[in-house]
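Shared between the two complexes below is chain A, which has chain B as its partner in the first and chain C in the second.
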Partner chain A sequence: MKFRVDRDVLAEAVAWTARTLPVRPPVPVLAGMLLDVDERLRLSSFDYEVSAQGSVDVDVEEPGSVLVSGRLLAEITRSLDSQPVEISTDGSKVTVACGGAKFTLLTLPAEDYPSLPDMPQLSGAVGSDVFASAVGQVAVAAGRDDTLPVLTGVRVEIEGEKVTLASTDRYRLAVRELTWKPQQPDISAIALVPAKTLADTAKSLTSGAEVAIALSSETGGEGMIGFEGGGRRTTTRLLDGEFPKFRALFPNETNSLAEVQTGPFAEAVKRVALVAERNTPVRLAFSQGELVLEAGTGDEAQAVESMEATLEGDDIKIAFNPQFLLDGLAAIDSDVARLHFTTSTKPAVITGKPGDDGGADYRYLLMPVRLNA
Partner chain B sequence: MSRRQLDRGSPHLPGEGPGDDAGCTILHVDMDAFFASVEERDQPELRGRPVIVGGAGARGVVSAANYAARAFGVHSAMPMSRARRLCPQAAVVSPSHGKYGEVSAAVMQVLQSVTPEVEPLALDEAFLDVSGAVRRLGPPGEIAALIRQRVHAEQELTCSVGAASTKFVAKLASTHCKPDGMLVVPDDRVVEFLHPLPCGALWGVGDRTEEALKRLGLRTVGDIAHTPEAVLRRELGQALGAHLAALAWGRDPRPVVTSTPDKSIGHETTFDRDIADPEMIRRALLRLSESTAARLRATGQACRTVSVKLRRADFTTFTRSRTLPEPTDGTQKIYATACALYEAAGVERQRLRLVGVRAENLTDAATAPHQMTFLDEHGQAQRETGWTEADRAIDRVARKFGRGAVRPASLVRPEADAEPPSTP
Partner chain C sequence: MDYVGRLTAHLPMAPRLVLMKSDGSVSIHADDRAYKPLNWMNPPCTAREEEDVWTVTHDKSGEKLILTIEEILHDSSHELGVDPGLVKDGVEAHLQELLAGHITTLGDGYTLIRREFPTAIGPVDILCRDGAGGTVAVEIKRRGEIDGVEQLTRYLELLNRDPMLRPVRGIFAAQEIKPQAKVLALDRGIGCVTLDYNGLRGIESDVPTLF
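For the complex of A and B:
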């Protein structure tokens, strides 16, 4: 095997593929990255849950394939000078040469490397930027507690042209709707994708204009979802389990609707939250024209700040975990935040104010903190 | 507690007679050989014999001994096997904690009738600040006599009372007049009372500090009192040095505090023989979680952190803890966390000698802000009733029919019947 490639192109592809290398490989070969050259160079990594395959154009002198330490290859390619790189095999060794630098790496037994899962059947495609931002908006609300695996996933529901993403950690629920281009107009599918993997994947596939999504049929053995875009493809195993019926969690009717400038509101929350000790909330009091934020109680430091806000409906006092509130305000992606309230012990809905760019396709449902005594 | 002070010499009394007790408004009331006395009272055949209360099992520990047994060198916290060797003729009685709790509550009620300013230290001792009761009940010496007389009349038990102007001297005074005595140490006799005492009598002086003091040639409280504070600070550390310098002159600014919030609540159990079976360990964790959670609920608290203590057969001891996303007082949550900690500790299938469950990071369950959720702990839609209601119902049954009237099915087994000796 022998090929030449531009250093920047190689480093980027290697770095992307290396993200999937297991931190503690269950078997030694999984620490390896497979380099496979015929017309192009394909780089593969796999940790039994997630597989990644990146391909780049290279000048092929001699095809072949080789397995080397992925971590080491990533570190080497990252630190090379910006010059053409030549990679070739020499017996059981691999040589990486760039400018005056030359590295010799040991190879791992490529014949022991597991074959990567096949990409499921293509289901449709979505704009890569829209997809990345939608996943980011939803994944923030996913649970991180492995004792409830179902809640560490993003629920993906596909109904024709409509895709709904949802996740919840029991304290908040984020739901985003978007449209995509399905292969078959009558497609109907659901999947539960590990939130962290999905967020990382969506972010890393923005180099192409579109992301193709491939979902294995529900009955076809182990659930799997694949994403492909810009010469990169990745698959991940789906989570099992019943995701809660999240649509029923939204209130049917609300008593108050407040509108606040998102940026100044978030800044004010951060300021008053400085005195909110662990697990204590920020308290919000909305009245006509004004929002008063408070944190801290009698025995400790206290903070208060007031700002402009519009309110339709009943005055309301409600308290939230400041971080959960900030996550929601950051996620709505709108200059004006709308907060819909029922009562101080019922969940509030945070949305962006519908504008030219839509904004009504994302909802963040947040449970309040109940104040006692 | 009072053992080490009793062990140390006997300072001469600061004179008999009533003396001027006007300033001696801090009383320390200490039941005499409490558990043993209760057993003697209830089992007349024990009277006049040495009595040891404690676990009778292979690894039992002495909880209490009456004065007849103490004469043989038996004291609390001693392994039962050793106590039996020291005093083979003693009657060994298994502790019946429920009964001691009831008697203690009755005694505390007597104290409460004197003044609401009562600081219970344990089941069998308490500090009182009687400065507000003097007008109604007479000088502190009379109040002390009244308490002793009422406790004896109502409970047929004796107690000893020390009176002084500080907690520290009051406690020493009660220790000094035990059993069945009282001692008032007026302010102008404090120094005279204190200075002949050995250093070990001072609160905060353990074996290590006593060694350090001995190296400086200081054997009595008087020796410490006449050592410059700077020397004590240098030799013993800033805090301890200053503390001892103050105590040695009878200065103790601690007020009587009616309720000190608990820092943590927990129970532990030592197995009669080492156990490796994870199922049995889990059952022990369940039993301990149950009593820990019940005490949380009884005191209106919730914990944010759960810890388990695991002692292997070779005495190596691990403590593992986990902080929960939200405070809990639920048996199931504490049990599930304890099990997860046990499983993650890497001692499964190893023989364990002791396990313990502790609730830490306590908050007031009623007033703490509560982050609400849409789904329960299992990710299911909230139901009207769940474990919380089950726990409350079990608590109500326990109040009416006693602890253990309702218990998890896995604990309803012959070997689980015997309540293990537990330490708070």
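For the complex of A and C:
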């Protein structure tokens, strides 16, 4: 095997593929990255859960394939000079040459490397930027606690042209709707994708214009979802379990609707929350034209800040975990935040103001904390 | 209070709590640092009272604790009797009992065969059947570490020799599973389940949730 490639192209592809290398490989070959050259170079990594395959154009002199330590290759390519890189095999060694630098790496037995799972059948495609932002908006609300594995996933519901993403950690629920281009117009599918993997994947596939999504049919066995875009493809195993019926959690009607400038509101929450001890809330009091934020109680440090806000409906006092509130405000992706309240003990809905950028596609449902907690 | 011995120490006159235990030990406490006395004399020792001065002398080394008492605010003596010993939390046993009672925590359709299922090398915490009727051995730990996985592996090897039971699958259940233990378990085809002790006990957190 022998090929030449631009250093930046190689380093980027290797770094992307290396993300999937297992931290604790149960078998040594899984610490390896498979370099496979025929017309292009294909880089593969796999940890039994997630597989990644990146491909780049190279000048091929001699095709072949070789397995080398993925971490080491990633570190080497990252620190090489910006000059063409030549990679070649020599017996059981691999040589990476770039400018005056030359590395000789040991190979791992490529024949022991597991074959990567096949990409499931193509289901459709979505704009890569839209997908990345939508996943980011939803994944923030996913649970991180292994005691409820179902909640560590993002629920993906596909119904024709409409895709709904949802995740919740029981304290908040984030739901995003988007449209995509399905292969079959009458497609209907459901998947529960590990949130962390999905968020990382969506973020890293923005180099291409579109992301192709492939979902395995639910005919027994283990479910799998695949994503492909910009010469990169990755598959991940799906989670099992019954996702909560999230649509029913949204309130049917609300008593008040407040509108606040998102940026200044988030800043004020951050400031006031400085005095909020662990697990203590930020208290919000909405009245006509004004929002008063408070944190801290009794004999501890306290903070108050007031700002402009519009309110339709009843005055309301409500308290939230400041971090969860900030997560929601950061996710709505709109200059004006709309907060829909029922009562101070019922969940509130945070959305962007519709119109400017279709902010109504996203809803963040947040459970309040007891006011006097 | 003055201490005379290998080193000398002095505690100025102040309100103190002086404890004399039935083993003969004497300790002087302040109103802080929990169980830690300011100074003390270990048994065996002898206390001698002379008007306002108590002298506690260690029987072997001869080191002395000399207490000068100006005023007694409170003086009482209590018989505590035989110490029943510290009862450990027993979380692991409790987890076993709770999980046996809520066996569907492991998955829908799970049914309990029995707790403490006997094998030649010791009892398996829980033996149950999964939704498809397969036998599942469960090892319960508070903290799931490598040795717990090894233990379950030994049980599984033994259980899988029993034609009435096999194939037996393993589940490693713990409140917290170490990453190393998880890798080993998954590599051996053993499932990992993180248990929510408070949830199993029906103790809800006081933070309100959506559902």
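Please note the rule applied: the second predicted complex is superposed on the first by the 369 of 373 C-alpha atoms of A that agree within 3 Å, B and C clash if a C-alpha of one lies under 4 Å from a C-alpha of the other, contacts with A are read in each partner's own complex, and residues count from 1 in each chain.
One rule holds in what follows: a residue touches a chain if its C-beta (ideal position, glycine included) is under 8 Å from a C-beta of that chain, and two chains touch if they have at least 3 such contacts.
Keep in mind that what you see is a predicted model, and the values were worked out from it rather than measured.
Overlap between chain B and chain C is detected when the two structures are superposed via chain A.
Residue contacts after overlaying the shared chain place A:D146 against chain C, while chain B stays out of touching range. Applying the stated contact rule after C-alpha superposition, one finds that A:A319 touches chain B and leaves chain C untouched. In the superposition on chain A, contact of A:T280 is made with chain B only, not with chain C.
In the superposed model, A:T168 lies in contact with both chain B and chain C. By the document's definition of touching, both partners, chain B and chain C, reach A:R370. In the superposition on chain A, A:R24 makes contact with chain C only, while chain B stays out of contact range.
Once both structures are laid onto chain A, the chain C stretch out of 149-157, 185-193 or 203-211 that overlaps chain B is 203-211.
Applying the stated touch rule to the two superposed structures, the overlap between the chain B and chain C interfaces on chain A comprises residues 145, 147-148, 168, 170-171, 173, 244, 249, 279, 321, 345, 347, 365, 367-370, 373.
Only residues 304, 325-327, 340, 366-381 of chain B touch chain A when the two sit together in their complex.
Those residues of chain A lying in contact with chain B across their complex are 145, 147-148, 150-151, 168, 170-171, 173, 244-245, 248-249, 279-281, 319, 321, 345, 347, 365, 367-373. Interface residues of chain A facing chain C in the complex, by the touch rule stated above, are 23-24, 26-27, 48, 145-149, 168, 170-173, 244, 249, 279, 321, 345, 347, 365, 367-370, 373.
Across the complex, chain A is touched by residues 177, 179-180, 183-184, 186-187, 194-196, 199, 206-211 of chain C.
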